[in-house]
Amino acid sequence: MRFQTRTSPHMVPGHSVGHLMRQVLYALIPGTLAMAWFFGWGVLVNVVLSVLFAVMFEALMVTLRRRPVGVTLGDSSAVLAGWLFALAIPPLTPVWVLLVGTGFAIVVAKHLYGGLGYNPFNPAMVGYVVVLVSFPRELSLWPSPQGLMEGPFTLWQTLQTTLTGRLPEGLDWDAITRASPLDMMRESLISGQTVHEITRSPVFGSFSQTEWEWAGNLFLLGGIWLMYRRVITWHIPMSMLLSLATIAGVFWVIDPDQFASPAFHVFSGAAIIGAFFIATDPVSAATTPLGRVLFGIGIGILVYVIRTWGGYPDGVAFAVLLMNMVAPTLDHYTRPRIFGHSGDGRG
Amino acid sequence: MITSGYADIIREGLWTNNPGLVQLLGLCPLLAISGTVINALGLGLATIATLLISNTLVSLLREHVRPEIRIPVYVLIIASAVTAIELVMNAWFHGLFLVLGIFIPLIVTNCAIIGRAEAFASRNSVPRAALDGLAMGVGFTGVLVTIGALREIVGQGSLLDNAQLLFGEWGRDLRIEIFPQEHGFLLALLPPGAFLAMGLLIAVKNLIDARLEARPIAAPAAAPETAPTQS
Amino acid sequence: MEYALILVSTILVNNFVLVKFLGLCPFMGVSRKVETATGMGLATTFVLTLSAVSSYVINEYLLTPLGLEYLRTIAFILVIAAVVQFTEMVVHKTSPLLYNVLGIFLPLITTNCAVLGVALLNVQEAHGFVESALYGFGAAIGFSIVLILFSAIRERIAAADVPVPFRGSAIAMITAGLMSLGFMGFSGLLRL
Amino acid sequence: MQLHHFHGGLKLADHKAESTTRPLLTLGVPKFLYVPLSQHIGAQTECAVRAGDRVAKGQRIGRAKDYICANVHAPTSGWIRGIVEHPVPHPSGLSAPCIKLETDGRDQWGDDRMEPWRDWRERDPRSLRERVRDAGIVGMGGAAFPTAVKLNPRPGKRIHTLVVNGAECEPYISCDDILMRTYPEAVLEGARIVAHMIGAEHVLFAVEDNKPEALRALTDALPSGEQDFIRIVSIPSVYPAGGERQLIKVLTGREVPSAGLPADLGMVCHNTGTLKAIREAVVAGQPLISRIVTVTGPGIREPRNVEALIGTPFADLVAAVGGYTPDVDRLVMGGPMMGFAVGDDAVPIIKGTNCLLATRPQDATQPGPVMPCIRCGECTRVCPANLLPQQMYWFAKSKDFDTIQDYGLFDCIECGCCALVCPSNIPLVQYYRFAKQEIWERERERQKADLARERFEFRQQRQEREEHEKAERLARKKAALGKKDSEAADKKAAIEDAIERARAKKAAQSSEERSSKDRERADG
Amino acid sequence: MLNAILAIAGLALVFGLILGYSAQRFRVEGDPIADQVNNLLPQTQCGQCSYAGCRPYAEAIAAGEADINRCPPGGEATVLALADLLGRDPKPLEVEEKDKAVAVIDEQTCIGCTLCIQACPVDAIVGAAKQMHTVIESECTGCELCLEPCPVDCIEMAPLERSLQDWRWSQPAPSPIERPREARQKATEEHRESA
Amino acid sequence: MARLVVRDVVITTLLLGLFAAIGTAVVAWVHAATEARIAENRLQMTRTRVTQVLEGLDYDNDPVTDYHRVSDDRLGGEDLPVWIARRGTEVVGVALSAIAPDGYSGDIHLLVGIDRTGTVRGVRITQHRETPGLGDDIEVERSDWIHDFRGRSLGDPPIERWRVRRDGGVFDQFTGATVTPRAVVRAVRNALLYFEANSEELLALPPPEEDEVLIIDPAVPEIPDHVTPTERLPEAEPPGELLQ
């Protein structure tokens, strides 16, 4: 009797790449819904359109490179990249911004390097940073939550705004937008207010603006679930949040009027989603355990530096890209001690 | 290389051994000064002039220079030429001079120039060296202007903006607006845009080369390929 | 504090390679392997600091008193070539081992525009002696850091399934572009 | 006893109950046996019989001609029907020389059967080792390394502990389990013999805690007076706790140095099956001619352990346990983690065959889509050698063989943990095997190139010298001629002389050049 | 103007001194690169690179005159190693890589002319004039240089025999999504053929 | 091997010296030929800019050669130059340089032209690092926003409405960027306040003695940080740093 030959092991593997990616997608759902609840249909429109575009670009590139389309799309990584990109940009962003962003993410950051597994930079963050530096106006317009809930922003109007880039009649950007907590902190500090005065504003919850806090909490939940499912390890999220909180804490203790509290930093902007969903992108992060810890610490510090002294209100995307840059070097120098070797792992 | 004819020299400079795309030399000005066509052209012309002068002089002197001071002498020649050009630009193209800034004196360290002096001019006759300088310079400028055009169009929707800096007041009318500036894709004007444009250009060149190479080979290769399927 | 700012500024905010576009040829040329990149970084750091200082001295005590500012470029490039030569000599003499590592990179440094660029920028920004030295040192460290990071990334993408026309220098350029995109995050840091 | 941990490892469903519920089955003598000449690590065994020879059970039919080599014996009596190329259990699926033995069913021992040594305690370790060597015993834990070599103490290395490896950590395999349950005394006696041979003061007998019956049987069989000498240790079942290095780490907390051997820590590790084989060789005078094989897996109708003669085709074993289930598609020799799939069930049992595993498509990795590595780090988490499998994969793929060695390729024990957990389904272990072999190959090529260079340079020198000498000879001849001969000859000689001189000068020059170069090299 | 000339010329003089001195003091001798390159070449001495042996080819590479992809016996491995050493981009081999083989002399036909002995660059053929010759298998590099001179064509190249010991794991095929369509089709065809 | 041949060293040295001398001579000659024109070019740069912010004023001096330095908190800096436009000896307007310290990403440098009545004649941004595409609408090349200041004075609008619209003033902010216009408006207002407080002195500043005129030297031009439209334009050179 003849049998097929294959190399060991001969057991059913635990999971597949697509499986992994889909778990991340599930984990994103609660946070995404919370954001949609507070910021309106725009969030969902963004997600749907970005995912659509991302998958489209992926299919396009795979076809151009004459690789199997089915297998590639089956891994869902493009869906995830599109989704994360969508969460980074404000709702009601015009459709061309989505196109450019996802295009850069999938075409330049991913497929020019050979597609899944080869990109040294986080595709979604490349896409986000590209549109951030190219269309700063569109990217700084976060609608204010109350305005949307009270106002007449239906799904239809949202789509209209997104597709045309123009607001419906009678609405004005200045009227419907409100600074996000980080913007507010920055602006007010520039104009000489103290942290204390800023956080006393009625829209602030315990740490940050209430709706951001809620979205953050739900992303945190998703992240913890991912850790529990072992899709991600604790190294990056924990070290990143801890280092962010630590450095924020140090400055906060030094001068609480000028520097916001650690809790504010952790719960504002993209810190939580960044820690659990973005910095953990396995492809572009460091891969050794120690490397991952350093990677997370690096991101935490850079986020703080860019937020506090830099020219952009949030620094998560930049920090991730900057640390992506360092990751190969980190991997090179943080090899674990091999069994039976003394000292470090090299040689 | 020493035996190559004039046509080869030109082909080398413009395409096969293009300083920017193939040798990857002189990258700094190539990326820094390629925000607009006019800037690119201005620096390109200055570079052509320097290459011409330096290649000619080096070729003239090639038999009189001892090896141990070869490089320093070349550097001196280039530096003198560049300084003279810088002064001339400062006097007659002051606006352009200010825009190009530090990159005019930095022509001295444009690796393409000293590279040509060393690799070609020091081994070839004056006319050949001069032609090589011209070809390399034009090749370099070609890349510079292409990137400049690319970035200017994508970044601010115009072409030949600020042409007055190079051509005097009448140059203002040369500006071609393709779309209004506020729709520009800012990335193209920022540093990353320069790198990306350059990477794209190199890839396009590779693609063209591959096509060129594939064409003559494709015909004979087809025959043996079909043979086994028939049998 | 001011000195620290100079360092942060030259290393991160105004990184010579990724933001100011200086020293790109060696950045592209000597970044295939981490080892060689490290060697190049070391050599550049040494030469850049030394030449920043010496060109400061030449400018301050020779050119300015004589009113010969327009000869800066010539004078500086001579100084740089001399410094490179001098470094090569000293290294050769004192440490054959180091010479093996750095030797092949030293001649390349003469035509690294970062070196001349530092000398010229020092004059433009009216830096004093210590500032000039720090500026040169910071620029070189910034150069070395991105060079080493870049080479580690390039080692990785050497094995990647990059589309054929992009293999080699094209993808390297694009990588540099994405790195520079990351460095945009530092823009506006240090509100000078 | 204080136990320790090693990094990584996997908790796997053990699937051992399938084959341990039925008792050990002793298989009869099949019609034909195919005994491969090479069943072990090391040099190939030399055939000691010819076609047509009649052999007795236990007669040596293959002779070890090297230090690291093992004898082969006839598993039963019969006639040699030739040295044939027959498929052997090997990942390549290739055929190799096997001794084809037609059995006579009488199973008769010959006259030269080794004498049983019940008084082994009185015997000199060296003669015991000789016995082990004669009996052709190789490690039965998987690697099939000639046991006598391992038992031979190396100068300056005192062995104080014998580690008995009863872990049997791979899923499905239960031959050691059954062995320990069925013959606990024999195994213990084997341990005593080996300890005596190597002068060990302690025996650490490790059994994974998923084999309570074996543990009980051993404990019962161990006289209470000996409990200090032989310690039976129950260790947690974590794959690959049975790996020699991991086992020693678990038991003692010490790590066998990379590129070293357990002997560097004063230990030697043996599989329980090996101990039993040693005991049979010493006490019963029986060479290694049979072994226990677990025939199991979802592709087998009635999984159980079978004691079979070396050389019995797999198909016979399977038939003896009820045959295959209908949808079987893969037959593996060894366990699911480290075993290799064989293409044909005509291949025979060899000394290292511990398990036959038959699986159906749904039980094992399929040639489904292999994806690129996403650097998820799962492999790093489980690697018992604490390596970075994803990096090694990367370098193996790009054939960067220098770097991959820096990353510890040769510390990889090929346990397969990384490949099992890899979500991208990458055949990682195959990459490492490929890289290892490629590196060895390149090393050989390099040595060959060095040799060729030497010979080439030598030849060049010789040629120059010869030319030089020839020139001199000619010149001398010319000179002699010139004296006698006419002017014309003189003239001709003068011309040739000139040529000769030129040639000689050139030769001298180049040889001088070379020697100066040599000197430089020597200086440098 | 005079100031200017004096200042720069003065600088140049100092500089010239340093250079003139160091040029003599630290002259670099020999060509270490060629040696390193030579060490990577397979030393088959076959001349397929169009140079008269490995050493000349190594020197040509070191001088930047020859490409690194011209040694068929070295194959891909050598190209990669050279690319690594010299920091160049690896290129596909110019000629196809051949299977390793050794020369075998048909001892019945051999007339003992010694021509092959003279041709063999590594002295791998033994035999005296008018006597039968043999190839020392372990020393033959497979260069094929002995085939040409033999007047009776009694030398053949025999592929090295592969036994179980020589069997090696192959590099696993890359993931399907890393291969363009043509390559995938080819692979499946091969698979079908072998089945 | 290491024996020195002194003759060789000397020849090398002299040869290099010779080349250096010749090269320098050529350059020095070019320098002599271009010197005057370069100096004039430098003046012209500043002149263009000052003229722009003093648009519509009727003056007959060359303000570029008629400047003083002032320091005041309201101008945001020390030793900032102020250029004077005169008819005859009467001062008809001043061009004040000012720095807005509270831009989104650092200082914004401006030039504010004010006539003797305290009315703004023109404002130009000379240097800033605001976000390209968002904050840079303050540049005259990118939008007309900066022209809003023309004709304004402290009474028009009333001082408390010298703010951006969002803060209850009359000046537009840009969508998505309030910080930048807020900073500029505040800086212009402060410049006016400074002028009001010091108008007597400013209007009485004496013309320069003929031989006191310094050559204005823009030094080595600044290397572009980002190659953004801002730095692309020569007008963006800071006048404050044009002086040495």
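By letter and in written order, the chains are A, B, C, D, E and F; residue numbering begins at 1 in each of them.
Operating definition for what follows: a residue touches a chain if its C-beta (ideal position, glycine included) is under 8 Å from a C-beta of that chain, and two chains touch if they have at least 3 such contacts.
Because the structure is predicted, anything quoted here is derived from the model rather than measured.
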Chains touching both chain A and chain D, listed by label: C, E
Per-chain Cα centre nearest the global Cα centre, belonging to chain: C
Interface with the most contact pairs, given as the two chains involved: A-D
Computed distance of Cα centres, chain E from chain A, in Å: 51
Centre-of-Cα separation between chain E and chain C, whole angstrom: 38
Centre-to-centre distance between chain F and chain B (centres being mean Cα positions), rounded to whole Å: 34
Chain B and chain D, separation of their C-alpha mean positions in angstrom: 61
Junction residues of chain E, two or more chains touched: 4, 7-8, 11-12, 15-16, 19-20, 23, 25, 169, 172, 174, 176-178
Numbers and ranges of chain C residues touching at least 2 other chains: 19-20, 70-71, 74, 78, 81, 117, 120-121, 124, 156, 161, 166, 168, 171, 174, 178, 181, 183-184, 187-188, 191
Two or more partner chains touched - positions in chain A: 7, 65, 71, 108, 114-116, 118, 130, 133-136, 311, 331
Contact graph of the chains (line, ring, star, complete, other): other
Touching pairs - complete list by chain label: A-B, A-C, A-D, A-E, A-F, B-C, B-E, B-F, C-D, C-E, C-F, D-E, E-F
Partner chain E, residues of chain B touching it in the complex: 67-69, 72, 76
Residues of chain F that touch chain C when the two form their complex: 20, 23-24, 27-28, 31, 103-107, 129, 131, 219-223, 225-226
Of chain A, residues touching chain B in the complex: 100, 108, 130, 133-136
Residue ranges of chain E touching chain D (in the complex, touch as defined): 29-30, 38, 41-45, 53-54, 76-77, 80, 121-124, 139, 141, 163-165, 167-178
Sites on chain B touched by chain F in the complex: 32-36, 39, 65-66, 68-69, 72-73, 76-77, 79-80, 83-84, 87-88, 90-92, 94-95, 97-103, 156, 162, 165, 181-182, 186, 189-191, 194
